[in-house]
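Both of the next two complexes hold chain A, though its partner changes from chain B to chain C.
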Partner chain A sequence: MNNDKKPLLKVKDLKTHFHTEDGLVKAVDGISYEVYPGETLGIVGESGCGKSVNSLSIMRLLESNAEVHGEISFEDKSILKLSEPQMRKIRGNDIAMIFQEPMTALNPVFTVGDQIEEAIILHQKKSRDEAHQMAIDMLRKVGIPEPTKRVDEYPHELSGGMRQRAMIAMALSCNPRVLIADEPTTALDVTIQAQILELMKSLQDEYGMSIIMITHDLGVIAEVADRVVVMYAGKVVEYADAVTLFKNPKHPYTWGLLNAIPRLDIEQDTLYNIPGVVPDPLNFPKGCKFHTRCSFCQEKCKGEEPELIEVEQNHFVRCYYTEKVEEEKAKAKAGENA
Partner chain B sequence: MTDLNKKEVLLEVKDLVKYFPIRAGVFKRVVAHVKAVDGVNFNVYKGETFGLVGESGCGKTTAGMTLMRLYDATSGSANFKGHGDLLKLKGTPLRNMRKDIQMIFQDPYSSLNPRMRVKNIIAEGIRTHHLAAGSEVDDKVADLMGKVGLSVDHMYRFPHEFSGGQRQRIGIARALAVNPDMIVCDEAVSALDVSIQAQVINLLNDIQEEFGLTFIFIAHDLAVVKHISDRIAVMYLGKIVEMTDKNSLFDNPLHPYTQALISAIPIPDPTHDKKRVILEGDVPSPINPPSGCRFHTRCPVAKEICSKEDPVFEEKANGHFVACHFVK
Partner chain C sequence: MSVQKTEFKRMIRRYFKSPTNLLGTVLLILFVIIAILAPVICPPKAGADPFKIPIATWSAAPQAPSADHPFGVIGGRDIFYGVIWGTRAAFKIGLVVSLISSVIGLIIGSISAYFGGWVDEIMMRITDIFMSIPFLVAAMIMTTILGKGLDKVMVALIIFGWMRVARLIRGNILQAKSEQYVLAAKALGIPDWKIIVKHILPNTIFPVLVQISMRIGSLVITAASLSFLGVGAEPGYADWGTILSYSRNWMTELSKSWFAILYPGVAMILFVLAWNLVGDGLRDTFDPKMK
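Then we have the complex of A and B:
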């Protein structure tokens, strides 16, 4: 598969802990993954699983109460060891990010053009006029009608879909190697979501960048991702290529999640119930973090946390009892045929 | 549909219109209207789940709020069995109507009073409508909390002590407390995580069966609506463009907007064959909606007639209503 290629971005045993008044929050607790050139890596999980903190750690945008350990290497640079001026050269230039809420991520008192030009002037040493022209070109590229007029408008004058396009234009204006998209379509309507996903795909083909797509929506992941990381309570519970993950999930959480979503393509009588709620990050359960909600939980799961093990080539799972999921799948299949 | 004709009509909505005035100038004169709901017709049958879907700004929530009398309708009628025209009720009859129609809101954070204990939130309706008194109230609340999967020990807690999914359960218990005939669920599961969403959807299905409830389920997520509804109406810019039972809607969508909407939904299967209809542009403003068919500015099959004449919303097949010039 990708083994012959060298990863562009490598995250190894990343731990991001926050010191809060209530105690230590282990938002990200030892995650590892690689991003290869030109691919899309999907990171999926529910709220509070640490997927956004992970991306902010890569961009070094965390607040001062955060403690980050582990290693993030981009090409041959170690991101966590860079000085702030060095980091500033990478941020927005080599690694860019688009956020969920385009209204809060854009500055309301500057025009869209100003905000795109800022990055171009900073990173590419262009004059204001050149940058302005480039901003117009970028807006045209992301499909904003009348870019010469829109470039001088303020964020509130644009619709939600257009703001997200403007943000993509901003992120791509310096031709980044890695684009981190944190829930880029969650706030948008489905028809607009389809437009934005299509746009991201065509821009990826054109520029050959890698994308880290962070979302809670398994449909979006299936649509765009080549490989997928499933996170739960600050840990990676399953890591595989997209087809394997969706066709042959091995972790009880992944399997449950896939059966819990209502689907258009399959008839379902009742949705699978993952009981309980996502555990409180101040007070994660001992042992396997998912054991409190897992229907296959055994004594062993409560005591010691399983390692992330490669069960098949390039398919990693953090569970002692993957065969239980297999039995369940076999049962479901038998039920279908009966 | 033949079997639906036998069913009892619980709610009959006719030409429902809700315009919000826009005021400007020194004298706050009305300068324009937001045409949020612009002539909507549908029936809801007893015991069914009627889904109302559409993108943001299509008027689905306004339609629900107007039926609940949380907004005053501009015109139209809504006949509810045993109450007459809901939109004309006043005083005691209006109060009585609220016992029979309840609502579950989208945001489980803002829809519960943070200063009230769970017990009082659930019991408020019981007391208002004199459905129980004294210790019976406590028994009833405990019973309801058990039914929606909340621990009875939590009766004296405040809303902030609960997670989003649990709060939504409190909202459901509150709606059930007065033993309604119909519940309007406005984006009741949209704010929840996937695993919690499945729990609440299953709970809604269970209580519907147990209490024989009728639901109007308003949501933007077509997959959720498909799972829970019997019949579905698709709204676009204040009008219903297509309405039918869920199987016809998903197997044979007739309106070009419905087709695009269904094709836009990402399927959680990477090997799924994707045939996409990508719509161009954004939803136009409801202040000044396009002439003729409101969808013609984004419609892939629009012709000249579409910008001139508004298509009639009519039955094109058995129980399958569509508003499009080109659907025969």
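Then we have the complex of A and C:
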């Protein structure tokens, strides 16, 4: 745990609500977490749980119908209170972002080099030639072969994995303190995924930046994250360091997600899945938002939503009946040993 | 760089594969040559405005084509001179009006789409108001207010000619705006105007270029109809519509005045056809959705 250090980015009680024609959508509803220098924070959850909205809130890139409350502080600056020009200085320079779809996140009509240079010229006030050289160096660093040639190529001439590498080069070109990676490997096939994650880790060691890794894939989290936030329906349901979370999950949702990972070490006829679907954000259930899908659900869960409580040191869970998960775990273990 | 070149070559080859594209291009080149060589083909009198058709005769009656006046004479003016120099006038009207009105439309449409919200609302309602006025009527009223002359006609056509482009570009930008590369550029802290100019316009401009080329032809017809109605270019101006307007008085006696309709009419039809064929060809070649 890094608790002795000062957090670089601190999100406190962040609420992002959208005014839509059908009503108020509480995409993110009061989440808090910290990102310490040099660490990787994983944010996991199903589609629609608010993880991408959370990252766009930090960057202040949401549409005008979004209403953001709470506090986001980066170093000593309160991001939600900055003016737009001040915010532009932070974007790309201090906090950068990489996106899910490398196919569409690069502009098709400009060369890769052009797009990397744009940010360098803007934030670092370099000349065109210097920026070009830096773009080539960046491409080399992210493992693109023949960077002097590739720098003048168009996005359609690169493969998916190469484009994601180029995106990473673009995001890291100004040496940001925080890199938000929004499902960076989802659109790539598995072998390329591993390469990209490996690359991000080595670049993190080199540059010492913090990474917020947003994903629905616990495999990715296991690979890179130091600490993990599990989100469900706009709220944090479990928050712990990665080792604790994988060894000792306390929330039924986390337990379900972990169970849903296919295993090679035991015989499985059917893969486990969590029954039901994510509730409609316009019409969240009363009480614990997970109760409609939870196999341990009791009357109490339907009435009032549990608070996020610290069950062990630095391990937060939003559930009344964490002991039921414990029983289940014990049973599973017994079954395996038998 | 080499990739770009071969891609360009491929485009050119694809363009000229179609005989209609070839025909359009050849016609257009022909018109360009005529416009450039106008002072050689029909040298104007020294010191006179070359766009004024010199007076050939003071008799009002039309004169059939002859060796001196190959396309005949109407209203005392040499039709051949009018058709040749009219080519220059046609290019002037078409290019200037369509370019300036498109730039206006481009600016209004892109500001409207990019900023959205009430900016969009106000700008699009203004566009609607301009669109709700019938074009020809509006242009006629404008020229009556501004006075006669080709430049006045051009001003009128520009004022009432930008809306279609504004709408087209707005729609395209709204689509491009939701592309992830725009969000990615924003996430890098690129300022708004740069995102519009660099990331959005190059991805949306092409349909506008096709529209411009198609409009050049039809604008010439509109200008000619204004001249024909007597609110366009001043009498004696070397403009196809002006020559046609002379034939108005002789319409009941076509056997005596057919040449005054035929030659400028054919020139006009071929000019419009050329631009339409070229515009069509450009769209077929460059619009990826048409493949």
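Keep in mind that, in the parts below, the second predicted complex is superposed on the first by the 330 of 338 C-alpha atoms of A that agree within 3 Å, B and C clash if a C-alpha of one lies under 4 Å from a C-alpha of the other, contacts with A are read in each partner's own complex, and residues count from 1 in each chain.
By definition in this document, a residue touches a chain if its C-beta (ideal position, glycine included) is under 8 Å from a C-beta of that chain, and two chains touch if they have at least 3 such contacts.
Predicted model only: the values in this text are computed from it and were never measured.
Asker: Judging by the criteria at the top, classify the pair chain B and chain C on chain A as clash or fit.
Answerer: In the arrangement built by aligning on chain A, the partners chain C and chain B fit side by side.
Asker: Between the C-alpha centres of chain B and chain C, what angle is opened at the C-alpha centre of chain A, expressed to the nearest 10°?
Answerer: 80
Asker: Which of the two partners, first being chain B and second being chain C, lies in contact with A:260: first, second, both, or neither?
Answerer: first
Asker: When the two structures are overlaid on chain A, which partner does A:189 contact: first (chain B), second (chain C), both, or neither?
Answerer: In the superposition, A:189 touches chain B alone.
Asker: So, A:104: does it touch chain B (first), chain C (second), both, or neither?
Answerer: Second partner only.
Asker: Return first, second, both or neither, reflecting whether A:64 touches chain B, chain C, both chains, or no partner chain.
Answerer: In the superposition, A:64 touches chain C alone.
Asker: Between chain B and chain C, whom does A:198 touch in the aligned arrangement: first, second, both, or neither?
Answerer: In the superposition, A:198 touches chain B alone.
Asker: On the A-aligned overlay, A:216 touches which partner chain: chain B = first, chain C = second, or both, or neither?
Answerer: In the superposition, A:216 touches chain B alone.
Asker: May I ask you to name which of chain B and chain C touches more residues of chain A?
Answerer: Residues of chain A touched, chain B against chain C: more for B.
Asker: After the superposition on A, what does A:272 contact: first (chain B), second (chain C), both or neither?
Answerer: In the superposed model, A:272 contacts chain B only, not chain C.
Asker: What is the minimum C-alpha distance, in Å, between chain B and chain C after the two complexes are superposed on chain A?
Answerer: Minimum over all C-alpha pairs: 7 Å.
Asker: Take the contacts of chain A with chain B and those with chain C, and give the residues found in both.
Answerer: Shared contact residues on chain A (touching chain B in one complex, chain C in the other): none at all.
Asker: Residues of chain A touching chain C in their complex?
Answerer: Residues in contact with chain C: 59, 61, 64, 88-93, 96-97, 99-101, 104-110, 115, 118-119, 122-123, 152-154, 157, 167, 170-171, 174.
Asker: Could you list, by residue number, the parts of chain A that touch chain B in their complex?
Answerer: Residues 46-47, 145, 159-162, 189-195, 197-198, 216-223, 225, 242-243, 246-247, 256-258, 260-265, 268, 270-275, 277-278, 293.
Asker: So in the complex, the part of chain B that touches chain A is made up of which residues?
Answerer: 55-56, 163, 165-166, 193-199, 201-202, 205, 220-224, 226-228, 250, 260-272, 274, 276, 278-283
Asker: Would you pull the chain C residues touching chain A in the complex into a rising list?
Answerer: 1, 3, 116-117, 179-181, 183-191, 194, 198-199, 202-203
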